[in-house]
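Each in structure tokens, the structures are laid out below.
Each of the two complexes below includes chain A, the first together with chain B, the second together with chain C.
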Partner chain A sequence: MIMKLLATDFLKIKRKGLWFLTILGPLGVVLLQWVNYELVPGRREWLLQRSDDDWLFYLQNVNSFTPLALVLGITILTSLAASIENETNAWKQLIALPISKMGVFLSKFTVLAFLLAIASVLLFFFTWLLGIYLDLGAVIPYAQIATFSFYPYFASLPLLALHLWVATVSNNQGIPISLGVIGFLFTSYSFKLPDWLPWKWPSLQNQWDEPLVNVVLGICVGIILYIIGMLDFARRDVK
Partner chain B sequence: MISLLQSEWFKLRKSKFVFTAILLGPLITFFYALMLQPDTFGLEKRFLWEFLIAFTTLLYALRFLPLTTGILAGLICRYEHQNGGWKQLLALPVTRSRVFLAKYTILMLITLTMQLLYLLAIWTSGVLKGAEEPFPMMLLWKSIFGGWIATLPLLALQLWMSMLFKSFAAPFAVNVVFTLPAILAVNSEKFGPLYPWAQPFLMMYVSGDAENDIFFVPWEQVLTVVGGSFLIFFFGGLLYFRRKENI
Partner chain C sequence: MEYIVETHHLTKRFGKEIAVNALNLKIPRGEVYGFLGPNGAGKSTTLRMLLGLMRPTAGSIRIFGKDLKKERISILRNVGSLVESPSYYSHLTAYENLEAMRKILGSPKEKIDEVLDLVRLSNAADKKVKSFSLGMKQRLGIAMALLNDPKLLILDEPTNGLDPSGIIEMRNLIKRLPKEKDITVLISSHLLSEIDQVATYVGVISKGKLIFQDSIKAMRNKAQLKIRLKVSDANNAYRSLLAKGIKTHYQDHIIYLYEQSDEAVAAVVETLVDEGYSVYRVEEEHQSLEDIFLKMTAGGDDR
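What follows is the complex of A and B.
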């Protein structure tokens, strides 16, 4: 059953801009660094002087925008996905089918998690390509590029679960979008946040200076929030 | 026209959520200002106001204000996007230009209210932190008024986008795509002044270098970048709405 649900959900997100945003997110994050390094003459040299490890410095620059794009991207994708049913009052018709509500929620979550995974893979390739173009050194740190591309994805799974929950149960989509703006502000100031706030995790910072902690936390708390969201979604009456 | 404004405000007021959206930015600014520790940055209490204004502008004007224009514009079109509301509204003896103008006026007034609440947030947090210097009223009026002028083009574009897209998130995505680069653009002396989404920050950030007694940026920048983008976005939206086919 879940495969059929997934197939319909992939069909439903066609031509709604979700795929476009999935590509635009990582592309935009990397393009901003292209602008940062290349647009003003002399800026590249100045940036390269600022560190001994040009690749790492470049990856940190990319990663200053990755969490922001992720938080806002999750906000937009979840709200768009919920809008498909919200706008046409299709929740009733969908739920009237002989399928479980939990399956509906799982299917939406899986589709969005898949889109974000694609975005992370694209981020890896775009980061790698721009790094080569900027000529940052012959030794390419593939492991570090992978860390900065995929760790934020796992660390932001709690936000995906939270936003999917809020977006699917809100009649007014202004509510999840405003939550996204608050989350964006939190993430912008992640260096000031306590370690237990999920909005800090995509930035990969913590007091132990160990990004893997954020990945583990992201997956665990993501699962918990997902279950809470799914149970609440299943319990609610459809308007 | 007055009754149109009243009905727009009534529709907005009924959703209740608009009050949260208005209070959100000033409240976050207030708590952020309370949390700031002047001494860790080596600043004396004497410069508390300047310090508070500089740091909260980075949060409020650079990040919050441009994004909120998207939320407000989405909210003001939300009622009509549901269940064929556009058809019903435009079946009334009102012209489309007036409907557009009424919605835009409400957005302008809400943003002005938000700016004044921001002023109140700065003042309250400063007093609570025990500021010794008098409140720099003149500086802040320039900042509040300048920031408001700078959001007018963004409001116009977001109103246009909110009328164009049925979903709430799509116009907000447009907003995000243009707002994120502003964080980078304000660092550039060359591109920052030309980028419309950086203007709320540039016009709210207290600086003394501009030879201008009303704003913190040169007149040419206000007229060309803010004024120019306003004309494009406002008349673009208005022309679009006049020709829009309602379904």
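What follows is the complex of A and C.
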């Protein structure tokens, strides 16, 4: 059943700009570094002087924007996905079909998690390509590029679960958008946030300096928030 | 009689307000059941509960003899629905909309062309629904409802927003379905004339309560005629008739007869003339279905 729902959900996101955003996000993050390194003459040399490990320094620069792009992306993607059903209250048509409500929620979550995963893969390739273009050194640190591309994804799963929950149960899309704006501001100042706030996690910072903690937290809390959201969605009446 | 839908004390409360109050619906197989009631009487809420969109506060629902609470998915496999305004994905074409549903239902692909043909949208199949007129959207809604070859079709105000020819078309389609495809239809409306023309069975709901449920024939029988007499000095005339042992009903200077046989009417007229009253008019008064409906649901609009 879930495969049928997924096929339907992928059909529904056609022409809604979700795929476009999926590509735009990682491209934007990496293009900002191209601007940072290349646009002002002499700036590249200055940046390279600032550290011994040019690749790592570059990756940290890229990663300063990744969490913001993720939070923004999650807000917009979930809101768009919910608006597809909200526009003509297609929920009542969808839920009256022989499917489980939990399946409907799982399918939406899976589609969005998949799009964000694609975005992370693209981020990996774009980061790698720009790194080569910037000539940062012959030894390419693939493991580190992967860390900076995929860890933020897992660390932001709680936000995805939270946003999907809020977007699907709100009749007024202003609510999830407001939540997204607040989240965006939180993420902008993530270095000042306490470790337990999920908006800090995509930045991969924590007091132990161990990014893997954020990944584990992200997956665990993500699953918990996902289950809460799914149960609440299934419990509610469709108006 | 075999009932396709049977509810037992079905109740839905929103906070303090009781939207649907202890409803015992019985929808016989093969009928077009007209679910009639003023706006806000609880029709949509009832239909939503039948479709599993809303959870009843109390009571139970059996569809095809199965408990909706326990076997929702297997029941819904054989139910088609169009609830209130049609739902669609406006950025997709009519065909894609049906395809999105078909994928979930698992019907064969040919079914899409079949239902598009049935509602005469074949020519617009590849147009985005955004550009459709309201009538076309409504027809697409019907096509969606028929995609799984339902045994029970639930239509909530299906002629809302249609033009006259669209209404007639919809009517013919609804009448055809039970005969040709063995579909039981549940159709709601706040307009008696709508129900009167398609339904074979009627349920009337007012303020959340079911106040009438029977065949449309039985409802028509309620619309019996009355004999009314207009005479001089009606009040005294009424008393003299009473003195003679003829029971009538007096209201606003008009005398209404309970007995309506030719002989009884003749006897009354004779008595009145003998007593010296002038008989101005002896008339038949038809009470229309509309009158009955209005009387049944009196005050139903004020919520």
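Criterion: the second predicted complex is superposed on the first by the 239 of 239 C-alpha atoms of A that agree within 3 Å, B and C clash if a C-alpha of one lies under 4 Å from a C-alpha of the other, contacts with A are read in each partner's own complex, and residues count from 1 in each chain.
Everything below uses one rule, namely that a contact is a pair of C-beta atoms (placed from the backbone, for glycine too) under 8 Å apart; a residue touches a chain by one contact, two chains touch by 3 or more.
As the structure is a computational prediction, the values presented were derived from the model and not from experiment.
**Q** Return first, second, both or neither, reflecting whether A:177 touches chain B, chain C, both chains, or no partner chain.
**A** After superposing on A, A:177 lies in contact with chain B but is clear of chain C.
**Q** Please indicate which partner A:99 is in contact with in the superposed arrangement: first for chain B, second for chain C, both, or neither.
**A** second
**Q** Just checking: does A:87 make contact with chain B only, chain C only, both, or neither of them? Give me first, second, both or neither.
**A** both
**Q** Kindly classify A:214 by the partners it touches after superposition: chain B alone (first), chain C alone (second), both, or neither?
**A** It touches nothing on chain B or chain C.
**Q** Contact-wise, after the overlay, does A:14 reach chain B, chain C, both or neither (first, second, both, neither)?
**A** second
**Q** Identify the partner contact of A:28: answer first if only chain B is touched, second if only chain C is, both if each is, neither if none is.
**A** It touches chain B, and chain C stays clear.
**Q** Output check: A:4 vs chain B and chain C. Expected answer is one of first, second, both, neither. What do you get?
**A** Touch status of A:4: second partner only.
**Q** Report the partner of chain A that touches more of its residues: chain B or chain C.
**A** B
**Q** Give one of first, second, both or neither to describe whether A:149 is in contact with chain B, with chain C, with both, or with none.
**A** In the superposition, A:149 contacts neither chain B nor chain C.
**Q** Regarding the shared-chain residue A:190, is it in contact with chain B (first), chain C (second), both, or neither?
**A** The answer is neither, since A:190 touches no partner chain.
**Q** Counting contacts the way the document defines them, which residues of chain A are shared by the two interfaces, the one with chain B and the one with chain C?
**A** On chain A, the residues that contact chain B in one structure and chain C in the other are 16, 87.
**Q** Mind listing the chain B positions that touch chain A in their complex?
**A** Residues 15, 17, 20-21, 24, 28, 32, 35, 59, 63-64, 67-68, 70-71, 74-75, 78, 81, 166-170, 172-173, 176-177, 180-181, 183-184, 188, 190-191.
**Q** Using the touch definition from the top, list the residues of chain C that touch chain A in their complex.
**A** 48, 51-55, 72-77, 79, 81, 83-92, 96, 99-101, 103-106, 144
**Q** Per the contact definition, I'd like the list of chain A residues that touch chain C in the complex.
**A** 4-5, 7-8, 11-12, 14-16, 84, 87-100, 237-238
**Q** Looking at the complex, which residues from chain A come into contact with chain B?
**A** Answer in residue numbers: 16-17, 21, 24, 28, 32, 35-36, 39-40, 65, 68-69, 72, 75-77, 79-80, 83, 87, 172-175, 177-178, 181-182, 184-185, 188-189, 192.
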